[in-house]
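If you scroll down you'll find the structure; I have some questions about it.
First chain written, first letter: the chains are A, B and C, and each begins at residue 1.
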Amino acid sequence: MTPSATFHRSRPRPAVGRAPWALVIPAALGLAFLVLPLAGLLVRAPWSTLPSRLAEPHVLEALRLSLVTATIATAICILLGVPLAWVLARTSFPGRRVVRALVTVPLVLPPVVGGVALLLVLGRRGLVGQWLDSTFGITLPFTTAGVVVAEAFVAMPFLVISVEGALRAADPRYDEAAATLGAGRWTVFRRVTLPLVAPGIAAGAVLCWARALGEFGATITFAGNFPGQTQTMPLAVYLALETEPEAAIVLSLVLLAVSVIILASLRDRWVNSP
Amino acid sequence: MIDKAGDPLVTDRTGLNAHLVVERPAFRLDLTVEVADGEVVALLGPNGAGKTTALRALAGLTGLTGGGILLGGRDLTRVPVERRAIGMVFQDYLLFPHMSALDNVAFGPRCQGASKAQARRTARAWLDRVGLGEHADAPPGRLSGGQAQRVALARALAVEPRLLLLDEPLAALDAHTRLTVRAELRRHLAEFAGATVIVTHDPLDAMVLADRLVVIEAGSVVQSGTAAEVARRPRTDYVARLVGLNLYRGEASGHAVQVGDIVFNVSEHLAGPVFVAFPPTAVSLFRSRPDGTPRNLWEARIDGIERHGDNARVHLDGPIPASADITQAALAELDLQPGRRIWASVKATETHAYPA
Amino acid sequence: MLRLLPRRAAAAMAIAALTVTTAACGGSSPDASPSAASTKTVTVFAAASLTGTFTEIGKAFEAGNPGTAVRFNFGSSATLAQQIVQGAPADVFAAASPATMKTVTDASLAAAPTTFTRNKLEIAVPSDNPAKVNGLADLAKPEVKVALCAEQVPCGAAAVKALEAAGVKITPVTLEQDVKATLTKVELGEVDAALVYRTDVIASGGKVKGIPFPEADKVINDYPIAALTKAPSGDLAQRFVDLVVSKQGTDVLTKAGFEAP
């Protein structure tokens, strides 16, 4: 018996075997690539002045605004995006491919251009904005609602794409089974389809929320930057970078820590629920 | 047969009267299914014959391109799935994974407008009837195959359908479970007052569960009748294989039937095109040409040999393909090998001929 | 109409991340000079407001110095200064404010910067001037929507000083991240007025109207330029600076609305 055979015998492997190096090495590199910039932030963070910087009212204000707007934007994305994903996944109509491609436009469009596009439509002199202003006296730019609109615009594709994927993966025969039991289309959607793709919606909502939280370009372009009104954390970070890079690092870390804590705690709840 | 769509009550017929036409590229389903109330009809056929399409068309899940469906005299042709009075058991049951067994069964009554409590009472009663009262709160993932099948049946019956549709109801079960579930399913079907259509490719399931078989091949009905009728007088190779008979088409005059170059002596007195059928056990094999009548005798080549129960089944090639069942002892004695030439004969008393 | 330079914001974010990572990795300076043996390249980091004029001066430089190529990195002066301090391979730095230049001189990466031009604030209004703005005092009216640059960027700091000097208190609806973004809000008619540089009003090509105001003279913005001490292209850097401060360079700048120092 060769020594190597003895060695293998003495260490029983799990049935599936060890992960191959061809996967482990790129995986480790990938992780390092994602995590090292974070380490950079941590190393350069001005720990001594951290507490006093955090106590500044505009930091908390921006953080609160970021969380509130990202959450509302996510809610809007779910409300509009889930039905859109359903239409894309479960119905067929001419031009569906084009519509699906259009859904990804905000992903491809530089966010700043997205912001300009929103201004052209919803701005005070925009196609729809003009009418909103004259009829209801509503102007979206430079308001917190405008921030929500910009974030929802940029983040919606993340939700639509992941929910559509979940719908395509879900067996449509469950819908048929429900129909044979007397359920109309809406009941089928509400009581069968929706619960079946709930994990996909949750995953999409997380992506959507994270994207909305980090949104910068469209927000500053469409909603502007005014503390307490439209200045979210990314905007505060960007402007802090102009004069005080250390403050920018602190703000980034705060944003990062809060989002990680929230996402991690949500994740646990979802994993534990059946 | 059904052309009027306006008045829902077209005739005073009871049970299911359906003429199903579904046209697709490279496939056409065109068959008539009539099922009386209380009757169980099995649609039997090979894969791709259109059995499941027929079932889905009855349910309304696949649209008809022609024909129509009457159920209890009511025209269902243009009624959407959810408003047909049907119950359907799917091949893999499709129990909603996010609901308990009880909520699965309560789903139908709830959709029909029952209150939550009322629907749950109905569901509990049905679960009790299929013997699963104790598993009411279990999610489908924790049920065994047999239990899931019974929940699926209870779910379909809980909507009090006039037509029950079962798609390969036993296919997902292992052999042992299948035996008990089949017997139990038979009991529940006997209690069901409406019409039942079962789709299956298993002749045993069909014979045990159904009062009548409808054999479908390539989208149309090739044979129908009671299990005994079908088994005794197969009309296609598929059915003959299912029931384990050798089947040939021939030309009869009196007691003689010409099948290719071979003449069979049969007990029936017939004329014109006929089928001749005999079981593999009726075939005898000889190393050399036996003496006596040249009828019911032909020279064949052995194509293959396989074990068949306690016997050996010998597949014969030659003027007509045939199967012969012989004992293991005879197999050894005859020293049969694939490729060897051999003489085969059939006793006239064991052949059976009937008009084609 | 898209005078907003979308790439700038994205680039600035990317560079911000890059700045931090290179710092964490010990500030190694990557050699980004692509020069083939035949061509010598001068890399100029210049404030975004100099985009048009410096591109023109760069062409003149290449014409006058055969075998050279000028490469520009336009951006917010503060970001550019950060990049230089973090080791970016720049030859020349032209900043929109003495404060940002100071970041570089403090790091001993540049010596003796020269003020080569100056810029002045103007009130920019949409060409139809819907709020009938005539002077700084009109910006204080509650119905007038005003956009300013954020105080962290030079045009914002200048605006604050000008308003203080005029004794006018206004509540802007937005504090934009740079002067181009501020100008875009005026061009699209989202705001009734903004305080931007005269050069930006001229560069907009008539889409906005500039209204000069006397207090602008008190907050004139000086633009310093310097060849960097570690310039990879050596004395070519100084030659570029010389061209900018020459009459030829000054003419280009004046034509664009800048003022001679």
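Structure notes:
In the analysis below, a residue touches a chain if its C-beta (ideal position, glycine included) is under 8 Å from a C-beta of that chain, and two chains touch if they have at least 3 such contacts.
Just so it is clear, the structure is predicted and the values come from calculations on it, not from any experiment.
Between A-C and A-B, more contacting C-beta pairs join the chains of A-C.
Of all chains shown, the one whose average CA position lies nearest the global CA mean is A. If you average the Cα atoms of chain B and of chain C, the two centres end up 83 Å apart. Separating the CA-averaged centres of chain A and chain C is a span of 34 Å. Separating the CA-averaged centres of chain A and chain B is a span of 53 Å.
In chain A, there is no position where the chain touches two or more neighbouring chains simultaneously.
By the touch rule above, chain A contacts chain B in their complex via residues 171, 173-174, 176-184, 187, 191-192, 195-196, 198, 274. Within the complex formed with chain A, the residues of chain B that make contact are 59-61, 80-84, 86-88, 90, 94, 96-98, 107-108, 111-112, 139, 155-156, 159, 165. Interface of chain A with chain C (complex): residues 36-37, 39-41, 43-44, 110-113, 116, 119-120, 123-125, 141-142, 216-217, 220-221, 223-227, 230-231, 235, 238-243, 245, 248-249. Residues of chain C touching chain A in their complex: 2, 4, 6-7, 9-10, 12-13, 16-17, 19-21, 23-25, 76, 78-79, 82, 145, 147, 150, 152-153, 172-177, 181, 184-185, 188-190.
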